[in-house]
Amino acid sequence: MSFEWIQIPYALLTLLIVFVYGVFMTTIIRKMGARAGGRYGIRLYQTFVDLAKNYALRSHISHGIMFYLGPVFRLTGGVGLILFVPTIYGSVMHQNFAFAGDLVLALYFVFFGTLGMALGAGESGHPYSAVGITRGLSQMTAAELPFVLAVFAVSLQYQTLSITEIVAAQQGGFLSWTLFTNPIAVVAAMIGFLGTMMRSPFDVFLAPQEIPIGPPTEFHSAYLALMQTNRILFPIAKIVIYMNLFFGGATNWPVFFLKVFLIYLVSALVGVVFPRFRVEQSIRFFLIWGLPLGILSILIV
Amino acid sequence: MVSAIFIIVVGLGAAFALGLLKDSWRNGAFALTMAALAVMSWISISWLGALASGAAQPTDILTAGVQPPFAINLRVGLAEAGLLSVITLTGLLSALYLRDALMQQGRRSMAVLLIAIMALSGIVLTRDIFNLFVFFELMVISTGGLVLLSDDERAIGAGFKYLVVTQVISILLLVGIIFTYHAQGSLNIDDFAAQPLAAKGAGLAFFLLLMALVLELKPFPANGWALDIYESAHPGFSAIFSAASGTAAVYAADKVLATGGAEWLPLATFIGLFTFLASNILALRQDNDRRLLGYSSVAQIGLVLAVIGQRDILGDQFLYIAGGILIAHAVAKAGLFWISGVITRRELTAWTVLRLNPPLVVAFATFLAMLIGLPPFPGFYAKWELAHHLVAEGRVAVLVLILIGALIEAGYLFRWFGLAIKREAPVARPKYAPGKVLVIYAAALLGWYAGYRWGALSQYDNLLQAMPLMVALGFLLIEGLPARIKNVIAIAALCVWFWLSYGSFDPLQMIFGVIFMIGGAVIFLASFHETGRRLGFYPPAMLMYAGLAMLIVAESSFAFFAAWEVLTIGSYFLILRGKKSEPHALSYLMFSLGGAFAILLGFALAAGGTAPLAIADLAQVTGAVAPWVFVLLAIGFMTKTAAIGLHIWLPGAHAEAEADVSPMVSGVLLKAGLYGMFLLLMTMGRQHLFGVDLTYVLLWIGALSALLGNLMAIFQEDAKRLLAYSSIGQMGYALFGLAMMNHLGWLMALMFVINHYVYKSLLFLSVGGVAKRTGTRDMYRMGGLIKLMPLSFIAVLIGIITMSGVPPLSGFGGRWIFYNAIMTADARLPMVLVFLSGPIAFLYLFRLIHTIFLGQLKDEHRQLKDAPFWILLPQMIYVAFLLGFAVLPGMALRRVDAYIGEHFTEQGLSWEGLTITSEFGYWSPVQIMIVIGTIFTLLFLLLLALNHKAQWVKQFNIVYAAERPFRPETTHFAWNFFAPYRRALGFLLAPLVTRFWGAITNALHETAEFTRKLYTGNGQTYAVHVLVFVVVLYLVAGGIS
Amino acid sequence: MIRKFASVVLLLILGYAFYSLVAGFVPDGELNRSAAYYAENTARETGAQNIVTAIIVTYRGLDTLGEVTVLFLTAAIVAQVLSHSRAPAGTRGSGFLPAGELLETGTRLLVPLILLFGVYVFVNGHLTPGGGFQGGAILASAMLLLLLADPMRRFSHRLIAKVESISGLTYVALGVMGLVLAGGFLDNRILPLGQFGALFSAGAIPLIYSLIGLKVGAEFSSMLESLEETEDR
Amino acid sequence: MITIAMTTGFVLILIGLYGALTNTNILRMIVSFTIASTGVNVVLVSVGYMPGRTAPILDDAVPVGSATTSIIDPIPQALVLTAIVIGLGVTALMLAYAYRLFRIRQTLDISKIVELKW
């Protein structure tokens, strides 16, 4: 694979589709969460409104250069992640920029946004931001572990690091999905997945319900808008990776929408059911439940 | 050539003639004494020269014009001449040193001194056993007289104890002599050799004889008297007592032992080793410098005795080895005693006064190095040869014991050096008697000369002719120049050396060569900020680089080992410079020397005793010994890479070092160990011990180091300690990569070698600069410095992005290669640890940048400026390099990739175009950089469009639960940053390793404390000890008849 | 108590070792080779009747030189040690009753005889039993007698030291002459061996032995001297 | 005859050593050592003794020719002389030391002279 200029509009198209889809999906998920909680929940267009409002707001406040760049880093991470991973298997239009790097790139590029975000929040000088970051990072290190092990198991299984080839290997009937060919790895990966979706029981570093805490504390207006955009794109970007690695990828958009929604639903359901963990609890959780499965998965491949 | 008997004649004549002088006419008397000693020395040295050059043959000197055995005869051979030179020179210098005491005591004491030296020479010369006894008694009595030179009244007690013991000894000696005579019908030593004694039923007689002579060597535990003398006598005399008397006594024992046949050698070996170990352990608890030196001399003589016990296997190397150790000991010990004479107080810390007189410090260091047997001194060559002979004859146990003893000795000697260098020094510079100082320098020079001779005699290249070493030593001579000039010279030296030698490098050597030489030069740029003379920085630094330079070009095991020791000792002195680094430098040295000894043992085993061994020939080592060689060498190298278990020296050593030293010892020095590992694995490959694949063990060690190193790093409050611990982790990665034993694994290791050099030097420099400005290394005392130190911030930012492996910077390359490497690796469990440690690295890196540069600025820091220019300059160079290396990693890696390909079957990476592809995946740095860059810019522009009017607000203008904080201290969240993590995984950090090593050292010290109670100070008890010693050995030997 | 017991045990074992020496000792039937050599060649080589003397002065002359040096050394050190506590002049021996008439006279009578005897002993050392050491000791005993008879008496240290040093130097010089003129250091054949059994025979032996006698006498005397001069408290 | 002498010598040595090891009084120790060295000297000469022979002096009684068969071993006698003299020297030295010690410490008890130890 190599680069042609036409890929740029293609990539932008992918981005647009994913974004719009993401807005609705997140809204629906939130609504479901509210209903589960016995509330009515937001309207379908609410998320659009919020975004529009925040983009429209003007701010005169900056705590410094890193603070200013924080959201940029963050969103770059999200957008980049989407663009480094092929969205629709087999379609020339939606290969995006996957030629730049393979699975490893995706894995490590996840940190790009996190790092920039953390730096920006750090410069805001707000202690809660720092507290949130430490909690978030601590939890992430543990949550990554089962996921990475599962990824390693998968790439061992298919003897490649290229996402496209992994998807290719899963074609031909859902029985050839990794989900069925290597269930343990998938379970491990999904445990890790829960940890990275910023939802209960693993959302203590955001604690959205209580007093503002966590990275976004000091961000508002356009800053916040960028980050909300990312909150919409980033989960999907991650889910795409999961989908490609474990659930046979997607050969067309409907399948894509369905799979992404279902995978997202997992974390949403868990989040609705379970109360929140303290950070050390979640770390122990991943080490006790995720780690052994991960190890098992790489051993039996 | 003057007959050697004139040594005796002149000594006696002068002694008698002194009686004719008027008692008041002391200058004349002293002049006469000196003249006599000078003549004696001249005779000995001229013989030594003649015999060494072959101009003269060993000669017998007949007395009474009658052939031996019917009349006493003397002999001058090479050994005799050498020892005579030692003895007479010591006498000469000591006499000069003792001038005041002698003048004040008068001509009688001078006569006694003369006779003492004469007697010692006689002991060396004579071939007649009874004549030996007479000279011994002369030595005893004159010792009894010279002890009185001391102004310490306790000396008289010590002298009496000595007399008591010698009475017992002489009884044994006489009985032994007369029965030996009865058995042999002759008193001539050479006749004994003709017919062994035990055969003629005179074993017991010979045993008594031997015991008497051995007891003169102050064997443990029958040596309390000697220690008391060392402690109380005049240092000028102690020098004689240790250097000259010891030498003579050893030779006497050797003479007699040689006649007894091989069956007596094990006894000597046993006594020697026992004394060597025990005395060294006892010395651990000494805080009186002279008694400490006493213990050390006792130990050294024991070592020589042990070597004598090996004479059956040493063959014609015997003189070279025993002589090397003996001479090193004599010069060093005399020198140290002389130094102790110019120091007023007796506790070890009193030696800090030397700092006010740097040349004396150099002398001090020289003597210590000689004692330990570090290059380029005779002891080093001797140690090397000895090791190989012992291994060749399968006497590994002896070698191991010797090395352990040497390690302990190094421990207390360098702890002492540390005290002298680091502790509070008096301000008033004392007035030294010029004569005394002169004597000390003379001894130091003699030491270097001896080193040169031994180097010339050795079968290898003379280390003192090795260009790098000479350059490094040259810096001792230009210490007077200002630091900046020396810095220019240093940088030039490194570059020139690289330019001269890079032509012959293979790609591997090239990578390490660039890091060692060019990398070193870049770090030296930071040293420009130091003004003044900066005494004691450049010699050790250049010594270290000299060692590194010699290391990469080393072809034989000897050259490699020598280079290794050189760089170790240089880096030790370098690390010791840090403010609080005294204990850490010591533990660094202990681990490194331990490792060096392991390497020595390993090389000796590999060579099977037939040194020299070409490094490449390690590949030919096979059979049962091979895995052990592998283990020993690996341990040796892993002490340098601070693999987990051997790591406890690193954090302190790297953290406490100076701002520009930390990058040297972290970024550069650690790579020496990796280089060793590379060579080891390239040559020996996989080895199996008890069915275990050793590379698999290495894999685990590497993984554990990576995990625990990172884990410990995230809990450090001290920025430099954090970086230090992270080095442990990074070296763990590299080791892991190597141990995978596949193409990409090695490539990854090399990637880490390069990257780690760059970002660790970068981070250490930035943090060092910040610490310099803020005056603290505790991160929670900093915060919000980004606005004041933007450049440092950028440096750290780039550094941590690279290190954490986040795209697009070059750290990602390392990770990418890692993933491709583990695809083919067969061991999977250890990787779990590596997977876990990767994100953890992310934690401490973020903490580093956050708590220093972000968060709330402290009030006391509001006026700070960015780090000094010269510290920033190299950082910017590194930043530039990292950005470039991120885009074009191929420029460094392609050739190495090809080179490594020679060692492995599976293919490496293909580098065509901009994309790097492996058999599993692909990676296109340039495209990644472009894509990310574009997205970032676009979004940035978007934000600018939306929010262009944003301006900085006040520091405390934040939403804070409806309150506004006013104190940065309370608002900067930095202390115990990862508390949840500690709660979750803190149990992994139980300091087991530290406890383990601590327990060992404590055990040793307790033993010492307990055992030294043996020396009650009661002369009678000492006499009992002597008898017990004899009787026990008699029983052990099973009642010889 | 423990010390006593321990020493007893030690000495018992040592005693056992000694016992095995005695038990294993077989006296020689005839002279061993060294002794035989002396028995045969002493007369020819040294011209001394007293073989022991020949051995002491010539064959093992180096020992003897050392021996003399030991005394010299001891004398020097003793003098040095005691010089720290030398009594102020005049106070010495105070409190002694003056020696009686009888003792005075006896001394005056005996001293010359003793000196003469001593000289005789070391001059004849090569012919009869006795020699330099014995003679020297006898000389010193005369000195002792004088001191006992009159504790207040003083002898000049300078004189004693001169005798000591000169005889010592001459001894060494003779040794060197042996090296130059004859077979080796301390060879006695620098002088003609003379007629066997005569007083002036055996080459340098009588000379050396006399020197030794003088030296030993002087050394003993100086020791006695220093001991006597230290104040006794 | 020889054994008796030799045994006596050894016994003397042991007695001397015993005294030296058990008496804490310095003077007594010195005396004990002189006893011991006397013992040594006895052993020395007794080794040289040969039954039925005479002193090694070549006078009329012992013609030069028959010396080999009629005299005893002269060497131990030469040695013993040296040994005696040396022993004397050492004894004198020890006495002087004892004197100095007494002047400094006002005691002759060796078990009290222990300021140097460990």
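Every chain is named by a letter (A, B, C and D) in the order it is written, and numbering of its residues begins at 1.
As a convention for this text, contacts are C-beta pairs under 8 Å (C-beta built on N, C-alpha and C of every residue); 3 or more make two chains touch, one makes a residue touch a chain.
Everything numeric here is computed off the predicted structure, so don't read it as measured data.
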item: Distance-maximising chain from chain D - centres being C-alpha averages; value: A
item: Higher-contact pair (C-beta pairs counted), B-D versus A-B; value: A-B
item: Geometric centre distance via CA averages, chain B-chain A, whole Å; value: 54
item: Separation of mean Cα positions, chain C and chain A [Å, integer]; value: 108
item: Length of the line joining the C-alpha centres of chain B and chain C, rounded to whole Å; value: 55
item: Where chain D touches two or more other chains, by residue; value: 13, 17, 21, 47, 75, 79, 82, 86, 89-90, 93, 97, 100
item: Residues within chain C bordering two or more other chains; value: 3, 7, 10-11, 14, 18, 21, 25, 28, 32, 34-35, 38, 60, 63, 66-67, 70, 73-74, 77, 81
item: Residues of chain A touching at least two other chains; value: none
item: Chain-chain contacts as defined at top; value: A-B, B-C, B-D, C-D
item: Residues on chain B engaged by chain A in the complex (per definition of touch); value: 784, 786-787, 797, 801, 804-807, 812, 815-816, 819-820, 822-823, 828-829, 831-832, 835-836, 838-840, 842-843, 846, 849-850, 854-856, 915, 918, 920-924, 927-928, 931-932, 935-936, 939-940, 942-943, 946-947, 949-953, 955-961, 971-974, 977-981, 983-985
item: Complex contacts: residues of chain D adjacent to chain C; value: 2-3, 6-7, 10, 13-14, 17-18, 21-22, 47, 49-51, 55-59, 64, 67-69, 71, 73-75, 77-79, 81-82, 85-86, 88-90, 92-93, 95-97, 99-100, 103
item: Residues on chain A engaged by chain B in the complex (per definition of touch); value: 2-3, 55, 58-66, 68-69, 71-73, 75-76, 79-80, 83-84, 97, 99-105, 108-109, 111-112, 115, 118-119, 122-127, 130-131, 133-135, 137-138, 140-142, 144-145, 148-149, 152, 155-156, 159-162, 211-212, 217-218, 221-223, 225-226, 278-280, 283-284, 287, 291, 294-295, 298-299
item: In the complex, chain D residues that touch chain B; value: 13, 17, 20-21, 24, 26, 29, 33, 36-37, 40, 43-44, 47, 75-76, 79, 82-83, 86, 89-90, 93-94, 97-98, 100-101, 104-105, 110-111, 113-118
item: Chain B - residues contacting chain C, complex; value: 3, 5, 8-9, 12-13, 15-20, 61-66, 69-72, 105-106, 108-109, 111-112, 115, 119, 122, 126, 128, 130-131, 134-135, 137-138, 141-142, 144-145, 148, 175, 179, 182, 184-187, 201, 204-205, 208, 1020, 1024, 1027-1028, 1030-1031, 1034-1035, 1039, 1041
